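Labels for the chains are A, B, C, D and E, by order of writing; each one numbers its residues from 1.
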Amino acid sequence: MISLHGLTKEFPGGVRAIDALDLEIADGEFFALLGPSGCGKTTLLRTIAGLETPTRGRVAIGGVDVTATPPGRRDVAMVFQDYALFPHMDVTDNIAYPLRIRKVPRAERRARAAETAARLSLAELLARRPGQLSGGQQQRVALARAIACHPRAFLFDEPLSNLDARLRLEARTFLKRLQRDLAVTTVFVTHDQGEALALADRVAVMSGGRIMQVGTPAEVFQRPASTFVASFIGSTPMNLLPGEVRGGGLRVAGARLPLPQEAAGLPEGAGVVYGVRPEYVDLSPAPRPGAFAGRVAVLENLGTAHLVTLEVPAEDGEPPAGSEPGGATVQAVVPEGGEPALGEAVWAAPRHERALVYHDDVLLTRAPDRAAR
Amino acid sequence: MTSDPSGLGRGGAAALVLPALVLIGVFLVFPALWTIYLGLTDYRLTGLAAADPQVVGPANYLDALGDERFLGSTWLSVQYVLGSAVIGQACLGFAIAWLVRDRRGPLRRVVEGVVLLSWILPGSVVAYLWIALLDRDGGTLNALLNTPGAAWLLDHPMLSLVVFNTWRGTAFSMMLYAAALESVPPSHLETARLAGASAFQQLRDVVLPRIRGHVLTNLLLISLWTFNDFTPFLITAGGPEGASETLPVYVYIVALRDGELGVGAAVSFLILAVNLVFALVYLRLLRARGRDADVPAPARAATRTAA
Amino acid sequence: MSGGRAHAGHMVRRIGVFAFFSVVLAFFSLPMLWLATAPFDANPSITVSVPEFTLANFRAILDNPYALGSLGNSVLQAGGAALVVVTLAATAAYALSRVRVPGRDALLYVLLLLSSIVTGTAAMVPIFELATRLNLIDTHLGVILTVSGGLLPAAIFILKDFMDATPTSYEESARVFGAGPVQILLHVAVPLVRPGLATIAVWAVANVWGGFLLQFILIRDPQRAPGSVVLYTLYTEGGQPDLSLLSAFSLLYSLPVVLMYLFVSTRYGFRFHGGIKR
Amino acid sequence: EEGSGDGAVTLTITANAISGGKNSATADWIKNWVIPRFEETQKAAGRNVHVLFQPNGVDDEQYKTKVALDLKSRGGADVIDLDGIWIGEFAQAGYLKPLTEVAGAAVDAWEGWEQIPQAVQGLGVFEGKKYALPVGTDGRVLYYNKDLFRRAGLPQDWQPESWREILDAGTALKRLPGVTPIQINAGTAMGEATTMQGALPLLAGAGAEVYSGGRWLGGSQAVRDVLGFYRQIYGGGLGDPRLQQEAKGRDKSFAEFAEGKIGILAEGDYFWRSVIAPEAGVAPMKDRDAKVGYALIPAREPGAGIRGQDFVSMSGGSARVLNPFSGNPGPAWELLSFMHSAEATEAELTMAGEARITARADVNDKMLAGDPMLSFVSEKVLPLTAYRPPLAVYPQVSAALQEATADVVAGRTPEEAAAAYQEKVIRIAGGPDKVAGQ
Amino acid sequence: MISLHGLTKEFPGGVRAIDALDLEIADGEFFALLGPSGCGKTTLLRTIAGLETPTRGRVAIGGVDVTATPPGRRDVAMVFQDYALFPHMDVTDNIAYPLRIRKVPRAERRARAAETAARLSLAELLARRPGQLSGGQQQRVALARAIACHPRAFLFDEPLSNLDARLRLEARTFLKRLQRDLAVTTVFVTHDQGEALALADRVAVMSGGRIMQVGTPAEVFQRPASTFVASFIGSTPMNLLPGEVRGGGLRVAGARLPLPQEAAGLPEGAGVVYGVRPEYVDLSPAPRPGAFAGRVAVLENLGTAHLVTLEVPAEDGEPPAGSEPGGATVQAVVPEGGEPALGEAVWAAPRHERALVYHDDVLLTRAPDRAAR
């Protein structure tokens, strides 16, 4: 188990890369740290590894406080984004390096390296140097090196981001299976929400050195706690439209929508953000109540579906506070065959049961205690 | 980058630096300070002043600064440095590095090999080779150019030395620039080419701004080395009539032939001061660079590795 | 057609580049011709000429009681100095590159400047007295230590840039696996900058190999004198060179450095790798 | 006196000589003759003495530096070869002590003193005290090429009586194509050769010495005369001004003389012995004895030379000293005196296979008989000769003289050059009161 | 219009990066070059730009043969993967650089740079240097530089791959819209099939220096011409299972499937590859005819769906030629809420109308002329 208490890391320049962060990662869990560039993911991982000394707070691994333990004694293995394979050693020596440090006799460590390599289908490459390997092979060697020393935890810093799109998908499934087989606690840093959702048992979404939400992939996908999380999670960005409570309903981008139960406590005129995923927006060629009227601006093929970007003109009445003067943009995913033509006028109806309402950037839940004031 | 990626800590770092510092302290700093002290005395290798050297204060320095021979030597040294290091070695080294940059194969190896050879051959041998090359009567150069009797070393002593030192030292600049050019992303050059930039425009707009740090470091090192280069003595012995008496030759003559070690030491210190001026100029230029050339980090390290 | 013009331009450029390389090759190899002919000439003169072939000059050099031994001494002193310089500069540059020490750049510049005094003539007296007091007169060690002192600042200066150019993730990775600083240095940092170390080694050897005055002052016994000092003995009382001996010895004396360069450059690569930038 | 308790004494000799290189013969003599013989004699006398030789082979300035550093740190060899000219400055620096102070009464009792002419003893004397045993000496003459002289219609046995006659001969030689009539060293590139072979003999011929009565010679009339003579040679097309400037100009002048391209050359006997010697010379002349004539250097005009002489010369030579810091001064003196015994001196000449003028008259008489040129020097030149002042600033004064000659060769007037020289000498000597004449 | 005829590029080492390639790109078209790493995409783009000289073949732009024209005279603009912004110039100077080379007067080029920058919302950043910009901003500056000189064609070499996952999606929509507005012929290189499908009017799929298929995104997605294209296109890799014609049907991974009409001409016992996208595979908890029986090995969350990886055990009878001895892997995408549990036994039924059959690596079509031999 890895637990972090009040962890803060300030860099000399005054940058606070991690900010009073608390986190518990369970034994055997596959845990993803997700967030945009610069949010502190790498710093957090490095602090767990012991490569950075926290300014404040404690790190415990397996119940033991390791805040002051040097990295080599924490019994964790880290895979860097650039893999950090030693270019002057062949694959065997790279994999066996941690064992060499532990003074495992040469014959034994070579045997163990070969065994681990075989497990990752690297048996044929043992005599090559990293420079002679493809990206995917390098990634597996880096994994093998991490595995060979049987650590208590794996720390992965964007190990897939150097692979090309196709390899990345394959490596993802491979990694997921491997972790299940080894059952070793794994912390996985990524900026790709798809990767995080697909791989992790739990995901932490970070921003500015803080954790915005922790939960299972389904939780963070379906009920993102803030607009930040909402916009970050999902293979197409969620539609987040400013609106306001008006006459017992919501007025959003020119459409009049029913007031969700969660928002019942909001006063008239309160500004909200209305969120709905493009997957939960249905298009129809004819006007419908509770739908945004717009014009098809962009059509993107997603394979089995299309992503349609609509331009919704500004309301004739007073625009809701905060909306762009030029109107809003609404995206919808339509299944194969159902895509409209470019420039066509269409109506986009969100599925209300899937819509989320944010007030003061907080997701309103059934008991809107904060919003009621 | 973190402040301590290797986990050395201050103590570990000190332990690693210490042996070098001790050696430098004993065999470099200590003699250097002693030399500077000698510069304040009338110390001579022999004679009465050897038995009982007197501190004469800044007299040696003032004398040297008022001596036109010293000033002449300084001017010759500056010519030597500007001509052979800054213009000769740096430019020729750059030209070679630039033209071989994307060549592989024998031509590049031969060119680099020959250039490096002239760098690593011992100075005394090399000096003799150049005397043989430039000799008035039997010199190879005169035989080739069919200019019998042309006294290169007498009529153009500094020019000869500048050419010589260019020959001798280009290798370092060539190697350094070759490495520097590798750090210029090809995409930058190609962007300029696509915009229609000529080779000169590419150099001016893309390459030079990018490798300015390398250029200045290189200039700093080769200027320093050229300033202290003693090989000219082996070729012209400072002649004719002092026309190629650069500062190190001047010091040699003052300190060894005339035995005036105090004065020699003072002049050595003045050489250091001239070096310092050069270094400061380079550092200033370097600092100016620091402001504008934060190399852009393309958002994320793009190193997808091709199989 | 523009295509034709482009082709013509291309040709002109190719010819220009070829001419440049020819001139460079001629310029750099011309002075060395003498070294290739004179040693084999029965009557070597200052002029390069087709030699009246003989090996007598080499025989005469072999008869010289100090010639061959001096090359051995040169190897010892230059090799020793290169070893000291490379080892100490590598450790120091590594530490300076990896740990932030306030004022380290200024320190390096000051040392670099001071090294220009110590390699000059005027520092001879202090260095001699120092060597005398440390009992280093007439020892190889004395030569090695004093020349190393002069070479170290520039070596550290150059190597530090090599070290700066290598990514730190290698070391961090080794660290997570439990490697200590010394292990990291030996297993990771040193192999990574090997071309740099090789370059510094060659540079140091070339510097020591040609050095004369210091070696002469510090060494008493000609059995321990390096080639640079013995080369001077091949001049007569009146100061004229004995060309047959001088040319043959010059060749022998140059060969080891050339061989070393060839060895090092094929084995380790000889270049400024990531480069010196700062 | 002896070193360690068991009587074993180790002595060291150093010289700027090395087998297979510079002064090879001397080195071989020390190694193969002196050391075994001396150790033998000592053993015969019941003393266990071991002698080592530390050879060197470098420029004199570098050798001097090394020896000075050694002595400064109270180390170095027990017996040291030095150029005689250095003795004064070494003594002033406290690096040397009079021989008697080092080795006691045995010095004065040495048999060899009688054999060394007083003038030659002067090589090892500073402020009236004997610091060194002179090894040998030399003398400067004018060499001339008899072939060229014949072709120019000049006499085969030429002996100019004045500078004018030298110039006249030069003018005659000038008519021969491709011939440099006169080579009298000038300029700084030649270094001390300019002073020794040029400026000083000419000054002596003009009646002046560079140092006398505790004062250095300023830009006097004698200096102006000498510079005027240079002016006539190099300004009048009688000399090759380029040769003066080349770093290896002196070597080249040797080669040119050997090739018959120089008519008259002022050089020391070293030139005869080592440069144009038919076999062993660096620029050998097979028919040296037939082709090369030699003449005394005349004064400006008869009787104008120093001491009123008609002819002049300059001499130098090396000497051997005892290290005052030697742990075994007694045995060291024995070694030193042994090296200067008639037997040893003869052995040296025999081993070298060449005659040279030693300090010992008895040896000279015996060994120089076969060489008319060296006999000429020994008999005709040495009585006229003069030595340079063995003082620390002498090299700088010498350099100032060289620069003055260079100025004249480059076209400045003798007056300007002399004035510049005067200024320099005043600075070097440390004040106008230390400089004579103007 | 860009046309390539018999284009071949061999590198000195003997690598043939482009192999006798023919291609026509229409005016104003947004054309994507898609393929795995090392297939020659960049080389092709660089040959069009004139940065590489073809070994054989011709390049024509706008009907004029430009094979021997230097890059600066081809009037095309290229955006590199690393953007190649000059670090020592500010944004204005970077954008104006091509104009400067064309000797446009200073005032005019600054005005044009400012105008282009404004169009790409860079107006506020004009005085900054590239080092002070985020990845997305850098990318827009690179675009602005390409646009400012009004070229006849844009060449983009993976311009999005340096952006983080979220930005990449936004930039994609932005780029698509921009190209539509400018209507300049655009060649876009990518290894990400999602990007290619979403952006391009037509896609060329490359492999080993050759073009495997050219078509609209819908064509290459729905009817990939070879198993290579099939496996490369699609956000989850297509299931490609070896099978054989047996008794008037197909025998694939232990399931007996009806013989598609296209494969009617194949002889008994012929080996085929049966392809079906995971999106077209339905899972059911109970046995069904024409379904693969398997066990859930991996579950990956895709947001609104799950990717289920099934392990289908080896057939009890003789395994079909070429199948792995350990059985096959079948993937299915199941919508939210429908995902099975890990380890559960399920049956995966491909939708037959969506299945593709490959014989000799060629897609069988209605008139299986080749297959009938």
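Basically, contacts are C-beta pairs under 8 Å (C-beta built on N, C-alpha and C of every residue); 3 or more make two chains touch, one makes a residue touch a chain.
Owing to the predicted nature of the structure, the values given are computational and were not obtained by experimental measurement.
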item: Furthest chain, CA centroid comparison against chain E; value: D
item: Best-connected chain pair, where connection means C-beta pairs in contact; value: B-C
item: CA centroid of chain B to CA centroid of chain D, Å; value: 40
item: Whole-Å gap separating chain B and chain E, where each centre is the average of the chain's CA atoms; value: 54
item: Rounded Å distance between chain A and chain D, as computed from the means of their C-alpha atoms; value: 92
item: Per-residue overlap in chain B, given as positions that touch at least 2 other chains; value: 2-3, 5, 7, 45, 131, 137, 256, 299-300, 304, 306-307
item: Sites on chain D at which at least two other chains make contact; value: 62, 65, 69, 72
item: Multi-partner residues of chain C (each touching 2 or more other chains); value: 124-125, 169, 172, 175, 180, 232, 241
item: Of all residues in chain C, those that touch chain A in their complex; value: 167, 169-170, 172-180, 183, 187-188, 191-192, 194
item: Of chain B, residues touching chain D in the complex; value: 44-51, 131, 136-137, 151, 153-154, 235-242, 256-260
item: In the complex with chain E, residue positions of chain B that touch it; value: 104, 185, 187-188, 190-197, 201, 205-206, 209-210, 292-300, 302, 304, 306-307
item: Chain A to chain E touching residues, read off their complex; value: 36-37, 134-135, 164-166, 169-170, 172-173, 176-177, 180, 191-195, 197-199, 217-218, 221, 231-237, 277, 279, 297-298, 300-304, 307, 309
item: Chain C residues within the chain B interface of the complex; value: 17, 20-21, 24-25, 27-35, 38, 45-48, 84, 88-89, 91-92, 94-96, 98-101, 109, 111-127, 130, 145-146, 148-150, 152-154, 156-158, 161, 168-169, 171-172, 175, 180-181, 184-185, 189, 199, 202, 205-206, 209-210, 212, 227-228, 231-232, 241, 246, 250, 253-254, 257-258, 261, 265, 270-278
